[in-house]
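Listed below are the structures to be examined.
Common to both upcoming complexes is chain A, partnered first by chain B, then by chain C.
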Partner chain A sequence: MKIRNIILLTLLVALFLGCAGREPTPGVTDSEILIGNIQDLSGPMKELGMALPHGSNLYFNYINGKGGIHGRKIKMVIEDHQYNPQKAVAAAKKLVEQNQVFCFYQVIGTSPCEALRPTLEEYEIPLIAPATQSGTMSDRSRRGWKYIFHTDTGYDKQANILVDYAYEQNGDAKVGVIYQDDDYGANVLKGIAEAEERHGITVQKEAYQRGATDFAGQVMNLLKGGTTHVIIGGVVREPIIVMKTAAAMSYAPQFLGISPTMDHRVVLGAGKEGEGFIVANFAQLYNSDAEGAKLYRELFENSGTDPKVMGMYNFYGFMTAMVLVEGLERAGKRLTRARLIRAMEGFKNWDGMGVFPGISYGPSDRAGTESVVLVANRGGTQQIISDWIE
Partner chain B sequence: MKSRYADENLSWIAPLVLLVIAIPFLIRGVTFSYRYYLYVLNIAGIYTILAVGLDILSGYTGLISLGHAGFFAIGAYTSAVLVDQAGIPFGLSLIITPIITGFFGLVVGFPALRVSGMYLGLTTMGFGFIARRLIIALRAWTEGSAGLEVSNPVLFGFEFASDWANYFLIFTFVVAVVVVARRVMNSKIGRAFMAIRDSERAAEAAGVNLTRYKLLAFFMSAVLAGLAGVLFAHTMRFISTDHFDILLSIYFIIMILVGGVGSIYGAVLGSVFIVLLDFLLIPAFKDWMALFVAIEVADIQSLIFGLIMFLFIIFQPMGLYGVWLKMRIYWKLFPFNPKKRFT
Partner chain C sequence: MTETFGGLTQEVVSGIALGCIYALIALGFTLIYKATEVVNFAQGELMMVGAYVNFFFVSALLEVPLLNGVWAFIIALVGAVAFAVLFGAFLDLIINRPLKDEPVFSVIMATISLAIILRAVMAVIAGPMTRIPPSPFGSSVITFGGVAISTLDMFIILSAVVLVMVFYFFFNRTKWGIAMKATSEDPMAAHLVGIPVKKVYRNVWIFSMVVATIGGVLLAPRTLLDTHMGFLGLKAFPAAVLGGFGSIPGAIVGGVIMGVIETVSMGTLSFHFPWVKEINDIIVWIVLIAVLMIRPAGILGHEEVDRV
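And now, the complex of A and B:
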């Protein structure tokens, strides 16, 4: 009798444990993985906000067409934050609570990403490939650092490398920097300060306000200071105007740019004044021979999109989508947020079909890449002129 | 002797408090995504405090301000620095910071003694820019434009770490500010403010000290903006100069215009309406539209926002509070309404 009771009880317990299945992961079903992207669709960076997700979807559709990741198709939901940090947080909460997304991907802008840190901690949800090159993204002293996987080489690191490059070219170089007086510029200045200390020099610093269209004062100061190498920490319009203004003053230093100035519109807009402009970039060009870039061009042409969209920012969306897909692939069939974080931490020099210099993460490393390649404008086309520089 | 407030109807306070307490429970009962809605309501609550202050200045006293984002930013950054770097308790910062911001209000208020109208608007707008530049320049404390992480509010040993807890903290202040502001506006001070708004010369002739009351209006308004800033910094837990731009100042002006200028309830209705519209209704409408039309450009959000402002100013110059007043009079007189009066 007793033995029968024990057997019955064991069976009951086994049945109970069998029924109590694992709690389902939000945003993951047998056929779909839902990811959340928060872009600037109607704010100051709306042009990028349209180009980036388009590039990402090119790759997601390609992967979905091949059967998805472990049988699951990727679906991306996009919210608009208008470059407002508080709206970014509201959008993130909406994506987690209403849409039940699995993870965040490619939120654009430094301050919106910084504002998300408490939310990432609260929901223990990872943010893969934030669309900002600010070095603060991989800063481990900040809240919620372990949920953010930054792919790009930070602005600080880029500025540092550019100063080194100037001194390699000319031992007597006098370096100046024109920077945007905001979070982007602050990170550039951090790198400049490190380079100043290393080389025992003083870099001439000229600030401008976001949205400025007149740089005559800054260029004149650099001319007066006798700078031979000028680092431009701008986006698209700023390097064009700076180089044209300098040419009008018959001032011809070597212009160097931080990665946001990589856009091919700079080459088009600056014309002959932009000849020789050298930019640091954290990945291969979209028109390079890397396998990933070839695939991008092929998928883009097949998509029938307006050719004007093709370019650095569209390709950036594509590249970061490769990072996310690789992470999801490595996380395995039983997908959870914790497993994705562990899988991402396993990246070691992963180059994404030759596009990246080698992305590495670890339990206490969220920096992604630490190198850049230098790209020069030669006769109106962008050409890579260096190996990966650390 | 009869009290000054004996005639005032105070019966609305209790239902108002009950409603405010009930709202989060109702939302939690209805939807799983209550934290998202509470977050939006918390923003609305913080903006309400600021809008009440702005209404005291612009609605009651007639002094336009396009620089309230500046006071708001000073409040937020001052509290973040005082609490996280100087080690002052949050409770103390709730008192000190609004007073510090109030003094900035006095400084800005001085030009108001000489200039008015659009020129005052420009002066205050200039202050908004200066405040932002000042915050960026004081990098050692504010981390410049990179933004600043801020600690959670801690009051009497209790840490407000969730949207749920923050709601009760913020709305305690909202109710207190609304009650106090209404009382003050019904007092000698409020009447002096309105006299200045309607005619400075007449007010002066009636014995209103223009200098004193104009500065007082600026001080009170900045104190409330500072209080809103403290709550904003510690409940949002991250502040950045990106947030406190000129558009935010205009956003506040729109709130009091849509709510109804010159009424405390109007400021409350306006700020809640605009925040809900901006954060919930327009995005929901956009999502709904996307089911039928392929919307590539998200500018539709700004378009709808602008259209609503436009229609309000043309057809409802008294704002939402005006609509409420009309409805109240309509039902009081029903069914003996004079024809065409309420159309």
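And now, the complex of A and C:
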């Protein structure tokens, strides 16, 4: 009887200790993993706020349909920050405290992501695949760096590569850049400064305010400066207006674009003035032969979505969902935030069914990819014209 | 030197086109203010709504077989203006009439709310994607003396000048225009002398919406169509103040001055004095404050003297 009591007591203590050691992970149940996404649903980048999560959900639904990750289905909660960093912080706190999300995923915009750093530190919560190509996302000198896993090649790296490309094409090239006067532009300028030092040159710099609708002054300055290659750090409207303005002034430099200018509407909107526009991109195109791209097209067509939604931003959501799913798979059945971080650090040249050049992280490395392909507008269609360039 | 002069001329021409866009929006501000003494902060959004309605018409009509492209644009413009007339009357009904005896502050708040509502509703109707509206003028450019200007910009300048002339003539030479001015001065006295005040208010909202629609139709191919294009109204407002709030020629004078300053400071000034880039945002405001210090009513505004 006494032995029986001792065994029973031992079992109870073991059970108690076991329970105490396995405090439930927020956002994770036996059947579900809850992730938090903060998008711009009603601000200046709202069109991406619709396209990105739709692409992500295409892949999440596909994985959920196959039984989920270790038996758990992924559910994504989306908040709106209207591209306002303060609202992004408020939304993040709500997602953590009220919704109890497991991790953040794909928060859009450089400034909102930068604003989240203290929150990531405070709650020790990872942010996987922030939807910005700013190289600052993988900067280890910044707060909360170890919680951010950046997938994309930074704007600074892209700008560097584009300057190199200009000099490969023309040894006497004179390079100029038109950049947005914010965090996005600051990261582009960082890459430009590195390229200036390497080549011993001075790049002509022209700034514009977000939302600008007229670029005559900047284009005229580039013309006066005799620039032969102009790098445009814009999104959709800016490259269209810049190229049309230049054409109106009979000024025809080689225009080069940072990856957000790869939107197919730039090709449509710029018309013949956009012919030959070359853009750096950190992944294969959605209409390429990469296995991941084929799967995307197949799932998209089966979803019955308006075909107009198909494109680079929708595919971007899809690709980054692949990164998160891979990390969650690797983290194993006993999912915790610390385990996800360790699992992500184990990525070594993972190419997401041929879509990425190879994503690698490590205990002190948060930059996923470091390469780009160059995509040129040829007769109204976008064609890859280079291998992966580092 | 010649190169600098050539560049400066180009910037001035581009600045005039940009300024005329501000002028078209500022004209809308002025019209409503002139007749009702209310500042309509939704003017930029009215322009956005007009541009979208025209875009919907153009897109639908271009699909119609056998319909010539030019006719599609003309019919779409007529349709958009017809919509503007109805929508202007509707706004008078829901904003102006219920609030006409309320403090100006309440009416201003109502127009700010209207701006937010219009942006949200249009985002729901049109979807979140930035649209690329076709231009009836394509990408054609006219060059004279080495200075280039797109046909679209030429039309923007022409439209701003014509509309300012039409409304200047209307307010100073026609019975209805003078009735509107009288209503603005003293609605009660205007009512007592037989001016149909309600009709005056309705017409001025209709005029304002029509001007906004024409501005939006011309502006959309230049800036692309987006629910945030209404924020240009925030730049047109200081243009209206600079020219003299309530002055019709002041709208175009203020708009053009702002447009030229913006383009030249971004261009030649920044090129020769790189530090100008750092203060580009505030140059226009510095000029505005400087002008208001010398002429508080704006360049073409009239100072009001209250007799005691």
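What we mean here is this: the second predicted complex is superposed on the first by the 369 of 390 C-alpha atoms of A that agree within 3 Å, B and C clash if a C-alpha of one lies under 4 Å from a C-alpha of the other, contacts with A are read in each partner's own complex, and residues count from 1 in each chain.
The working rule: contacts are C-beta pairs under 8 Å (C-beta built on N, C-alpha and C of every residue); 3 or more make two chains touch, one makes a residue touch a chain.
Here the structure is a predicted model, which means the values were calculated and not measured.
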When the two structures are overlaid on chain A, which partner does A:K46 contact: first (chain B), second (chain C), both, or neither?
-> both
Should A:D80 be classified as contacting the first partner (chain B), the second (chain C), both, or neither?
-> first
Based on the superposed arrangement, let me know which partner A:G379 touches: chain B (first), chain C (second), both, or neither?
-> neither
Who does A:T136 touch here: chain B (first), chain C (second), both, or neither?
-> first
Partner chain(s) touched by A:G225 [first = chain B, second = chain C, both, neither] = second
Just chain B (first), just chain C (second), both, or neither: which does A:P307 touch?
-> neither
For A:A247, is the partner it touches chain B (first), chain C (second), both, or none of the two (neither)?
-> second
Give one of first, second, both or neither to describe whether A:G200 is in contact with chain B, with chain C, with both, or with none.
-> neither
Touching A:G171 in the superposition: chain B (first), chain C (second), both, neither?
-> neither
Shared chain A footprint, chain B vs chain C, residue numbers 42, 46, 49-50
Any idea which chain A residues touch chain B in the complex?
-> 41-42, 46, 49-50, 79-80, 82-87, 89-90, 93-94, 96-98, 110-111, 114-115, 117-118, 122, 134, 136, 142-143, 181-183, 185-187
If you look only at chain B, which of its residues touch chain A in the complex?
-> 32-36, 39-40, 43, 136, 139, 143-147, 149, 162, 236-238, 240-243, 279, 283, 296-299, 301-302
Which bits of chain A are touching chain C when the two form their complex?
-> 42, 44, 46-47, 49-50, 206-209, 211, 213-214, 216-218, 220-221, 223-225, 236-237, 240-241, 244-245, 247-250, 265, 268-269, 271-273, 308
What does chain C use to touch chain A in their complex?
-> 3-4, 7, 10-11, 14-15, 18, 21, 120, 123, 127-130, 132, 139, 141, 143, 148-150, 222-224, 226-228, 231-232, 259, 262-268, 270-271, 277, 280-281
